[in-house]
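First up is the structure itself, then whatever we jot down about it.
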Amino acid sequence: MKEVTLNIDGKETKAKEGMTILEAAKEIGVRIPTLCYHEGLSPYGACRICSVEIFRDKRSRVVASCTYPVEEGLVVKTDTERIIDIRKMIIELLLARCPNVKVIQDLALEYGVKETRFELENENCILCGLCVRACEEIAGVGAISLVNRGTRREVATPYYEPSTACIGCGSCAYVCPTGAIRMEDKGDTRIVQGSNWKTEFKLKKCEVCGNYWAPEAQLEYIREKANLPPDFFDVCPNCK
Amino acid sequence: MPEGLAKEVKREEIEALLDKYKRQPSQLISILHDIQAKYNWLPKEALVQISEGMDIPLSRAYSVASFYKAFKITPRGRHLVRICLGTACHVRGGVRIMEKAEEVLGVDGGETTPDMKFTLERVNCLGCCALGPVMVVDGEYHGKIVPTKVEEILKNYD
Amino acid sequence: MPKLNSPAELEELRQDILSRREPNKPCIAICAGTGCRALGCDRVIATFKEEVRKQGLVGKVDIKETGCPGFCEKGTVVVIYPQGICYFQVKPEDAAEVVSQTIVAHKVVDHLLYIDPITNEKAAYEKDIPFYKNQMRLLLGNNSKLDPRSIDDYIALGGYSALAKALSQMTSEQVLEEVDKAKLRGRGGGGFPAGRKWKTTRNAPGEIKYVIVNCDEGDPGAFMDRAIMEGNPHSVLEGLIIGAYAIGSCEGFIYVREEYPLAVENLNIAIKQAEDYGFLGENILGSDFNFTVSIYRGAGAFVSGESSALMTAIEGKVGEPRSKYIHTSEKGIWDRPSNLNNVETWANVPPIINNGADWFTSIGTEGSKGTKIFSLVGKVNNTGLVEVPMGMTLRDIIYKIGGGIPEGKKFKAVQTGGPSGGVIPEQFLDTLVDYDELIKLGSMMGSGGMIVMDEDTCMVDIARYFIDFLNDESCGKCAPCREGLKQMLKILNRITQGEGKEGDIELLEELSRIVADSSLCALGGTAPNSVLTTIKYFRDEYEAHIKEKRCPAKVCRSLLSYYIDPEKCQACLICLRNCPVGAINGGKNLIHYIDQEKCTRCGTCMEVCPSRFNAVEKIAGQAVPEPPLQEARVIHRGKS
């Protein structure tokens, strides 16, 4: 793998070809804020909070560091006035959309965005798409997706009905930065829900200890994929 | 069966379409066009069947169907009224035509009349800019129309 | 039809077709493009066929259903060959006269000729009609001479000779070099050098490469590509096949917007014919070059015309843009090198190959070579498609070709570049049409939409219109565009509804800067141009809306009132009956007045008031006069 030399905020560093600016920055401890990035999932480039300014010849350009590949001789600045203005406005816009979401409030505090000049809504989802990517890339079932277009865009199951593809693994809830997707186990039932949809799962009961430990659908999915015998999951991991 | 609500989805018909496009997922949009041409909208059973046939998640078919304006995931009226609101038509008063149509039909743009007779749609340019404002009903183009003509034209459809 | 296996066989076929055509046989060429269809050309065509039959001329006169000749304002357009006589606004009832007078008696039908609006002189031939004679119709010129559904027509006019030359006399590198030397820049909007993109794709690693025709033409007000695709689909196919040869691609895609059904139809026919003749498929014209093409349809999304979004749509996914840091010419469809160009760009390739790069570079300016087709629409007399050499001034296009502003109104601005472009005011009318010159003004060439606006156009409303359009069309993926345009639209809505506040203009400018800087794709990246240019050149209109709650152009409904002038009203009851909310008071012989509380400012009364009375007017920025007293409203008629 070829290595390239680039300069981030005055620090020179080497990075492997194919890495993104964000990854290279992480390695040398330069912190760039993100909302739609997760190192276990493919980068999406939607929130634009990770924007940085790159300089080449005499020109500069604003790019999303989570998707921009490192290049030989690249000069990157992560906190110029132009970049700070961008971050502050994006935060202000998202604060209007999701005033009660902690991760946005935290960013607002960090960047000194005290108020938003825009009309308040009351969404919980910041449309980062992490849940959809987790479902696609980790669970591999694509139970939820981004539907509609533009300002009507939202995360949903097809027809907003309980999903038959969902296995109740909860990957979406784990990666959700705002709590817009919640997962709860109540007795023998697991509920996974977003703002407009809800799916319920029967949990499997361990034949030994009697505890409900995982959704039957999820276990069935894994069992089939890995070609395991029908009674493989009848006993929970603790009792095995 | 209420008028305007399409014919029943026949599994064989969907299978034939899947065969036509060799079940290739890249042909999703093409197959959705064909289904809508046949049934006047995209019934859920059709989407379920093509997802299975193409081996793609239903969520992908639903995302694509909901993203594009041309695709209707709720039943459509018998007659499709499209009013151009491209820039040239706008400058020539296209908004008034749209308002008149909304008034005559009693629905907003994007909606279908309760008797399933008309679906009214705003289009962001039909490419007949020299003839603006333009209204198309069931593929029949009416150029240089004025608000007073809207009702006259729509009266001809039953 | 047996396949053509060599350039020689193609030439033989061409000569054969020509020999079976009498050059002096009369031909009635009727425009069958979508525009003329909207004016009822189907009935014109049917009536002409009927008349030819009635007058015993079947077989002695040809009737051709052709592509769009561009003068859409005067449709239905009929051209009589071999003389080239142009008839305009032809109706079915004119057919009999045209056949008996022009075809049989060789006389011109006067009332169907072009009349110059100033001199009142009539002109029968293209070379004398200002709309046509000032154009350079290299791409559109053949539209009225051929039936788009006839490959033989295309071949008769020299079609596919460029392909034959490329495959038999040039290497693929030489073809690429020629297009590169010609400095052909993309006609879809970006103006990126085609040769450079072709080179990148050709040199990108990977055996399988794709070529793509972008016929999504989403800019509202632009229909150049429609005219080419509907009217001369083979010209695009030929360019695409040559390009594929140069790049090393064996598979092509043509993405056509869903709103162009006739283009899809004609293209399907053209592809089938090209396959039959051997211009598509294996061993084209006897070479070892293979190429196939398939059509993909859009489904009503402007953003899917963006090149990376288009490629994602071809993959069968939601057509939203992807990160473009790695060029699609290196990683496009299925991560394979993909060369996308606009319809008009591809259509320029055969002439370049036939006539050479030097010929092409002799036309246009230093930075912009060749011709460009513009859709000249809006408040202009001669609306339609105009093809001019790069470097013509905006003034010449709008006045010499366009015939100026109708109804004696004053020019205000011309909008170029679609929603990504900006408005250009009067002081810049002498700007040369050139990619870089237009960018300097804050606008851009774009795909070719040229929308003329007059004194009755409100520039704030125009900005609002474009932001509304882009907000509707935004895919919603990235926060700056989705949230930023939403807020910009709210502000513009408030301003046009009389609720603008101090600081709104500055906030619009701030949002514009951020949205332009940080959006993922060019939709968001260029969205603010209409707002920024209207603020730059027409700030006074914004300020009038905000500070005085007045719309100088009298367009924004919340800021104006309708008023019936009692001096002019003749109490005809027409407006009273048509008012949708019953806001008009009056009766027979009783002068009408509008109840301002009930009035919704729909403008119907103004539309229906007979023009000989012209009693309804718009009032902006001042109070509406009180209605006259009851006694003063009575009109006394008849014997006194």
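Order of writing sets the chain letters: A, B and C. Residues in each chain are counted from 1.
Throughout what follows, a residue touches a chain if its C-beta (ideal position, glycine included) is under 8 Å from a C-beta of that chain, and two chains touch if they have at least 3 such contacts.
These figures come from a predicted structure and were not determined experimentally.
Asks: Please indicate which chain is farthest from chain B, where distance is taken between mean Cα coordinates of the chains.
Replies: A
Asks: If you tally the C-beta contacts, which comes out ahead, B-C or A-C?
Replies: Comparing B-C with A-C, the pair joined by more C-beta contacts is B-C.
Asks: Roughly how far is chain A from chain B, going centre to centre by Cα mean, in whole Å?
Replies: Roughly 35 Å, centre to centre.
Asks: Provide the C-alpha centroid distance between chain B and chain C, rounded to the nearest whole angstrom.
Replies: 23
Asks: Where the CA atoms of chain A average out and where those of chain C average out, how many Å apart are those spots?
Replies: So the centroids are 42 Å from each other.
Asks: Would you pick out the residues of chain A that each touch at least 2 other chains?
Replies: In chain A, residues 146, 148-149 touch at least two other chains, as defined above.
Asks: Residue numbers in chain B touching 2 or more other chains?
Replies: Residues 56, 60, 63, 67-68 of chain B touch two or more partner chains.
Asks: Which residue numbers or ranges of chain C touch two or more of the other chains?
Replies: Answer for chain C, listing residues that touch two or more other chains: 301, 318, 472-473, 475.
Asks: Can you list the residues on chain A that touch chain C in the complex?
Replies: Going by the criterion above, the answer is residues 43, 45-49, 51, 62-64, 67-69, 82, 85-86, 89-90, 93-94, 96-97, 117-119, 126-127, 129, 146, 148-153.
Asks: What residues on chain C touch chain A, complex-wise?
Replies: 301, 318, 323, 325-326, 471-480, 482-484, 486-487, 490, 507, 510-511, 513-514, 517-520
Asks: Write out the stretch or stretches of chain B touching chain A in their complex.
Replies: Spelled out, the residues of chain B in touch with chain A are 44, 47, 56-63, 66-68.
Asks: Looking at the complex, which residues from chain B come into contact with chain C?
Replies: 24-30, 32-33, 56, 60, 63-64, 67-71, 85-92, 96, 99, 103, 123-132, 134, 139, 141-144, 146-148
Asks: Please output the residues of chain C touching chain B within their complex, sorted ascending.
Replies: 34-35, 37-39, 72-73, 75, 217-223, 226, 258-261, 296-302, 304, 313-320, 375, 377-379, 383-384, 415, 418, 449, 451, 453, 457, 465-466, 469, 472-473, 475, 578, 580, 602-604, 607-608
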